[in-house]
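Note that the chains take the letters A, B, C, D, E and F in the order they are written out, and that residue 1 is the start of every chain.
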């Protein structure tokens, strides 16, 4: 008898927890309805089959509740593998792949392979995705990246993004999946950094959100102390962080990208650990989130319902 | 040090729980987007100020995520109070209020008072509600209820519901709040049972959901054993329940109403305990719900993601 | 034989008269097609059953030929009756009802009763009316009226009118019938003067016409001489009238209201004697009208057809 | 003093009369809003300058209150005059003009002259009219009229009316003025009877009304007794009239045309005396009218407001 | 055997020629899609039956590929013939027809005859044309042309063109055919010069093209040397031509008209020899054209495909 | 002097030729406006750079004049090259590539390379093309091709084509370029025959035209005699050709494909020699064409203008 009461007690407790999560999430769901969300997808999250599925499923759920996700993926190590197979030795210069004609050809082919794998995974969870490169409909135009002392070959910098194609596809409920390839003035393909591509696409769309799925958990006041994760900061704070030298290593270019995106018209940029299951849902639909968000301005001026009301 | 690890552990556990709730809820949120949800609101849930606020806030959240709520309220005991004040003694016959001209006038006035209180509460949580009676735009037409051996006066039975006004208001993002008053052939007001009104409105709208907020927790196999709550049943099961005499007391007319509503075109009818905080959210956005739902047909043929995938 | 000829003669004469009325009326009918017409309805015209029917039928005919009428009604003496019934003594201060919480509750209820009577009468002549208070959809926001030396309680002044709901209803061919109740900052109901309410609504809608149905026949040069009725005046003339002290008594605040309305965007304001049958039709569709109209600018620059043509 | 009272009395009486005319007219105005009204315009009404102006002004007023008038005119005697001028003697056979090539050319030119005079008169009263022949946009296709024993030349019978052009013009608020000329299979012009043309156009448009402006006052039970004018009859009655031999002379083909039009989809056909000033207004907007109307079905099932109500 | 090879050779050569013509024409076809093209049609091209057919067929083809042709025609010598027939002697003053009331009537009738002949010819090649005068819908308003020392009577100068009717007709796929008649302030018809009419219509429509079909082959540097035809000139060049006295005779007013049209908003004006079969097609869809075009600005900045590419 | 005359003569002759080509072409241009045209692009036409440019430019011109081209390309020999590079020996069975997992991966990559080359070439001539595989948006669903005695691996047969994506892209003026890859039930990629893919896409779109650009000149009565080329045949004739054994070799499956396409809803199928410059223009816009067309029904019932008229 007492046991049953306990069980009921527990059930009620669970219900309260659920209701709390929902009450917390619903305003965000509404708030982001119809918003463009650009997800840069790379790193470990892309290598592990289970993580891949988790990310794809999260994207499907975002779509399900009315957001408009766009995926920009990278190609990573596999390009080098195929370059070697074609009989060349991959070459890098200051972290950038030296890309001759043949290497570019291989890069395009490998990126397409990755792209179409994502498209097929989306299909499996019921979302109609369309794979694109920046050459399609001349979507991403680039110029050759100049590097003093070294000809990098077909490595490009984004000069403009034409969103007509993206908007047409999204309007018809498709999810674009974009390979980081651009079209040069000479109508040849160029290799572009995936983070930069995501950034440029998000800016061109005036996206509500740009998300970097990475292998790090966010920005920390003290990187050694996981409890010092910064959930949110605004543009000014983000710049101070850089100026104060608090942020370093791989986080520095990432944070600079974030700042650029915000200044280019994106409302919020998120740095998330792609290795956490459901990381997108948790970041988007809970108050604290699980990564670091850089905001143009605070999301809600005041809580929808005050603390006191919450108490009833 | 160990403590911090524990804390993080706990945080991760919490995140998993939240993600689980969200993953569970999102498909429902999508599924019920743009659906008409008629909420019959009466009983204890309407008397307690805090419960009132909880219900109103839930309705606001339903609206927030794209549903189209319609509220039908009752008037209850307050009518009798004002009838007495006007110098009459309230009279009932077989549970129905004997309603002469003056009593009807008082009933209308009191119902309007209740109606406008709800409208004001909706305003407080940011939802634009519009109070209506069935006389407005000749929305609810009735005929006099005949009762052998007794003239009940202005007590009506719904003969038709014209949804033009409701659809126009909802289209423009307003939430209708309806008093159970109907217009007779002679263009006079008639008193109608609030449950019947809700039922008729839901049928006329082919509502996705009709919810009875009551003072009972749902339908039980064994009313003495709270663990025997029936979360879902279909039409056939509901009828068997009645035939088998399992259901009795106040639940019987309620369940009959449910069956009628389903047969009249409503997809799901919910019997919910209005005394539970956030009862609407929990019933709508969790798999089990917290009350009893009678369905025309199962909601999802198969789970969106299979169990195995859930595991990753 | 001669008799028949006389009869025919007479018929022809009648036809000529009819044709004259129609020729006179049709351009106005066209001119006011699709125009918002706010009718403040109060005084004697509202107490006599037959006059009520005449007004309602005129409104129905206005609707029939394409105008968009909105009715604002008052509550008058009946409120006091019910306040007394509830055990209070009505209190006034400088003509304003001192309105405590309970009195406000009673006022709302009584106004609703009046409102729903009008709605039902409209239904009888085939017009779908919708009863509203200023609380519905937060349509009329008010602030507390401050009066030196006396707390008037829940007496409000209009601060803003949101016409979204009105426009939505009118768009769908409904006629709004508005009770003079406003919503305060604290989401409580406030009592407002019906003339002021009509004025505020007409201004917010940029109405073509605002009509005050009163117990006086219009503005006279010499109130003792009925033949000195002023059919039309413009804003400047109206102001001179006030400055010259010609107008006095109850007419003074009315005329000030008219001037305010014109300055607030209404094209013409009419002061009509609601005790005359078909007063609205006669004022709107005949050249002279039967009351006094204050105009922003003359209606037709030149007659549609010249006198001479009229002669043929 | 007494005189003034008498004057006021009289004014009130006049107002009542005006109100009565308006109350009578408004439902018709609404009823015929957006209706196609085809007016066959010929006979005396077309020869007298003043009558012309009266008809044109009535048509302008019909347009003003939302109807969609189309005018079909005849050419009459003027054609013969010009045929003679061109050096030919007009020839008729069984009332039909024998029309050789040159005569057809002259007929077209004269009809166009008449047409453009009407167009200019419409302009004078502010209506944008567009003159058309049946050749424009291949609107009216005809076949050669066969007459045993005589080749009539370019005399045609309507085989089809393409309303595309008419609808396009009316949609853009123009009033079409049509000459009775048709296009043969050989792409040559043919002469057509104006009554037949009006009939064919009205049928093709499913017109609400077709009006024949003639030199007779309508259909009479006893043509000798003007008091026996038949205001309205239905199809069955009209046929009986013919069968009973009551109708004869010029009225017979007219009435047959009426019956054909009704059977072809027109709702009401009116035979009006074009010599009466404002004949169109009086026929359309008064209960009795002034001519004879043949109806598919009665206009209003029941009076909008009952007699008793009228009395108040 | 050899013969067959020769035949094939020839076939291939023909194909190459055809392909060349098409490759040349298609960009123009696209470029002028949806463009207004006003064709002034007069002179010899209008007198010869075969030339008439050729022009009409070209206009039909222009319509077929998506242009929006408008024809403005003249009346020429035939008016004088009919004036004489009506018993008057035609009178001219400085090249302008002295037009009394009767002459104007005749002119209107004759122009209408010409107009309706064109309309019928259009019908024959499957194009729905609508004949118009400037009086229709008050399209062309004029004032009396003043000439010192002589009252010209009903000779008018265009003061404004209302394109509403033209746009409505063209929108619905009709081809307007316009007689050069205007409506004066007194609502009477006036005679207007056909070239001026075409010019005014083209300007009012901001036409892409205005074409004068004349009896001359274009503008020549040396009128004696046919090889000095000027295919294209811009506004500046055209003015220089006039200033240098190179252009004279009948070409001078024509060229002034061209300049005025360009300055009034027309993009290109063409002077074409209407006596050449298919002159419109050849001028519009070949690079060189066959007449003289005066342009606001060059049509294509650079060739769509360069010479080299053409070579492959 | 005589020389000049000759030159002029020649110019006139050229003009006549041009006019003839245009007069011939324009009706086709109109006729095929807005039509879907599926071009299967493979064979020699795809290997030669100059031919590639010619085809791409023709497609650009088709687009320019309002058609809606869709390109389906093959991959051909290059796949084998890359399979070898990845360390495998290509294997065929009855002409079909035996396709294991790795081979499929390589095939996808190579097809994508070809696809993106075409996309870039389209960009060069100003057309916005979008590269697609059948996996994108689950456009082409396939089942595994069963072959008795041999497991072909990832070789698929089209089961359905979802045109939503294609229509959305074309609606927004993009030209789809499709790789012959389909999505299996297991969400894996399958290799499909390019001819079959083109056929399935054309049927799903109810295309106006399906074009096979091949290495043969069309269907001949006597393949040895080039003058026996059949320009057009209908379905019945096509079937007789097969039954009579006239057609053989590589043409047989092609012709069967044509028949299937026609029966599946395509209006015309063209077999064209892709090695001829401007082959698409010549086939589409000249009366005879240059290849063989199989038609559902004749294009024009009768010539737009008769021979005689042509003569004028």
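Here is the rule we go by: a contact is a pair of C-beta atoms (placed from the backbone, for glycine too) under 8 Å apart; a residue touches a chain by one contact, two chains touch by 3 or more.
This structure is a prediction, so every number in the text was calculated from the model and none was measured.
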| item | value |
| --- | --- |
| Number of hops, chain B to chain F, where each hop joins two touching chains | 2 |
| Repeated interface matching C-D, over half of the contact pairs identical, chosen among B-C, A-F or E-F | E-F |
| Greatest separation from chain C - chain, by CA centre | F |
| Where chain D and chain E are represented by their mean Cα positions, the distance between them in whole Å | 40 |
| Centroid distance [mean C-alpha coordinates] between chain F and chain C, Å | 73 |
| Multi-partner residues of chain B (each touching 2 or more other chains) | none |
| Arrangement of touching chains [line / ring / star / complete / other] | ring |
| Successive chains along the ring, chain C then chain D then the rest | C, D, E, F, A, B |
| Touch list for chain D against partner chain E, complex | 85-87, 105, 108-110, 112-113, 116, 119-121, 123-124, 128-133, 135-138, 164-165, 168-169, 171-172, 174, 183, 187-189 |
| Partner chain C, residues of chain D touching it in the complex | 4, 7-8, 15-19, 21-23, 25-27, 29-30, 33, 50, 53-54, 57, 61, 64-66, 125-126, 226-227, 276-278, 281-282, 285-286, 290, 304-305, 309, 312 |
